Amino acid sequence: MTSASAPLVAIRALHKSYGPHIQVLKGLDIEMKPGERVVVIGPSGGGKSTLLRVMMGLEKIDSGAVTFGGKPYISSAGPDAKTVIDTEVRRSIGMVFQHYTLFPHLSVIQNLVLAPCKVRGEKKASAMRRAQALLERFGLGAKANAFPAQLSGGQKQRVAIARALMLDPKLMLFDEVTSALDPELVAEVEQVILQLANQNMPMMIVTHDMWFARNIASRVIFCAGGVVVEDGPPEQVLGAPREERTREFIDRVFHIKQ
Amino acid sequence: MSLDFSVLLRFQEALALGLWTTVKLTLICIVLGCSLGFLVGLARTAPNAIVRGIASVYVEFFRGTPVLIQLFWIFFCLPLILGIELSNLASGVIALTLYMGAITSETFRASLKSVGREQMDACIALGLPRRVQVMNVILPLAVLRAVPTLLSNCVSLFKESALVSAVGMADLMFVGQNISNNTARPVEVLTVVALIYFAIAFPLTRAVTLVEGRILKKLAI
Amino acid sequence: MNYTFDFNAVSLGPLIEGLVVTVQLTIAANLIGVILGFPLALLLMSRLAVIRWPATLFVEFFRCTPAIVQIVWFFYCVPMLFNVFLGSVTMGILALGLNLMAFNAEAYRAAIQAVPREQIDAGIALGLNPLQRVFHIVLPSALRASVPVLLTNGIVIFQQSALVAIVAVQDLMYQAKTLATETYRPIETFTIAALIYFAVSFPVSQVVGWLERRRQILTS
């Protein structure tokens, strides 16, 4: 798998349920090429966030398989089988959560250098240098020694993004990263993500912000009821959806927005 | 009746000695009790059901019975069972350490539990190995969150330590009762003893509120 | 160890008699504490410093001195200071009741102040007058929130009541002490007495735990 069009991520027949009755993912098949920016939209409970959590290796799956860069990453033979997660592969994926999840007892820069130093054995001085540079780039140079509690929501979320980037991920996952923010702070976080997009960072984004989705996506997936309903370029899925369910959803969202 | 607090002046030294015993006993048992409590708190979250069971029985039993009876048990029964003499101090230390261990284990357990799922998700997303998760995230957070409650546990211990007077250990309360009996001036003597306890415990409880505010502010995300 | 256990040497009769006294002390002290703790909590939150300060001092005094000191003080000093001579059980009830009153007042105060500001705002927005806000919004929520703490305090007083044995009230602890000396069977006696205390406390603390878990689920 060395050709240019080989998938970065291949998700095959992914099933996932919480308990015996709540099936969240019902056989998902998604392929993602290198350099793609996939935005996943859909109604609440449709499995978007679960998909991202599975991709990060935070959830067990019932059955199915995920490969990353051609290598097996996650697999499970059935509901009672063990979910096998390759932690080596997992390290090349970064994730940012809705509620920041910064470590509150560590300063901003300590939050950034913890993983590189402890996971990769990077020298503290070099990690600090990279962290400081990253913070400067995100307009947070002056906040290196602040504690998370002293930052605004937008600043916290930018720190969380920087923290994930410290491990040079090959794929970034963003799970509703602006949902908890005050409206005036949303732009500064989206700016940072757009910056990453310009550098061709592959990413998978779950968001309710359709304007952001249109701006950043190279591809939009509409997920509902645990399956992919529609999958295509943003102009199509957001502008002229082919599927009835997608159209209903888009109509509703945009009516509320306007 | 007329009150005469000047009788107390003659007993300054005795009271100071008693207070020193109280403080010494409290400090020793804070150190030993917190260490025990931490281990027991961990044991109560252990995957092994037997370890968890033993820890739970210990904690529930010590929290479910009067400290006075625990003290009597250690003073009168433990030497019989072990077949050795135990000094007053040793018995007092054992009894109050076991008491402190039981209450602080609950503090540690609650704070360990308070390190939420989201923090664990972040640890996994950053690929932190288990050891780093425990040493750099869970433990520091849990200990920080535990500090205010631990401080009030210390105040409780300081107050409960007065019970050792009932088994003849010469702490502040014991000395006070002796003086009160000898001088037949219980009102003056016991009031002063109470005020001494108050003068130490009250600022500590204020400190708890202060520290709690600071820590909550720092840990709020 | 060469001690032979003989649990038959311990006659349960006196222990049960003692338990009856202990339970009486506990129930009476709880009545005082639960009922009078509430007005005391209101005093603690008074806007007038002349009311707030004495109330605070009263509460802090009980919270910051050892219970054994309070009880010994009460038994020796109240008769001398006020020239009143009451039966020892009554004295015990008063001493424990005052202590519990202070702790419960603090529990009520914390619960009242923990009622979220938005709830009261919502009451204002709905046009409720101040009295209606207190009776329909603040109190129902605060009283419900204080139940677990009141129960815990109640069971703590049950355990603390053992202290009155020191001033010769014939409660469970006192009977155990006497029996242990008479029979030379301290291990058996104190173990049985401890188990009796435990048998009463443990179920209550389990109920408290259950209430708290349920509350967490309901409010989350």
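In order of appearance the chains are A, B and C, and numbering begins at 1 in each one.
The rule we apply is simple: a residue touches a chain if its C-beta (ideal position, glycine included) is under 8 Å from a C-beta of that chain, and two chains touch if they have at least 3 such contacts.
Just so it is clear, the structure is predicted and the values come from calculations on it, not from any experiment.
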Common contacts of chain B and chain C?
-> none
Find the most central chain, measuring centrality by the gap between its CA centroid and the centroid of all protein CA atoms shown.
-> B
Select the chain at the greatest separation from chain C, using centres from the mean of Cα atoms.
-> A
Inter-chain pair with the most contacting C-beta pairs = B-C
How many Å are there between the centre of chain B and the centre of chain C, using C-alpha atoms for each centre?
-> 19
Would you mind pulling out the distance in Å between where the CA atoms of chain A average out and where those of chain B do?
-> 47
Indicate the whole-number Å distance between the mean C-alpha point of chain A and the mean C-alpha point of chain C.
-> 53
Please name which positions on chain C make contact with chain B in the complex.
-> 1-3, 60-61, 63-70, 72-73, 76-77, 80-81, 159-163, 165-166, 173, 176-177, 180, 186-187, 190-191, 193-194, 197-198, 201-202, 205
Chain A - residues contacting chain B, complex | 53, 56-58, 87, 90-91, 93-95, 97, 99-105, 114-115, 118-119, 147-149, 156, 163-164, 167
Parts of chain B lying in touch with chain A, wherever the complex brings them together | 118-119, 121-122, 124-129, 132, 136-137, 140-141, 144, 217-221
Give every residue of chain B touching chain C within the complex, in rising order.
-> 1, 60-61, 63-70, 72-73, 76-77, 80-83, 155, 159-163, 165-166, 173, 176-177, 180, 186-187, 190-191, 193-194, 197-198, 201-202, 205
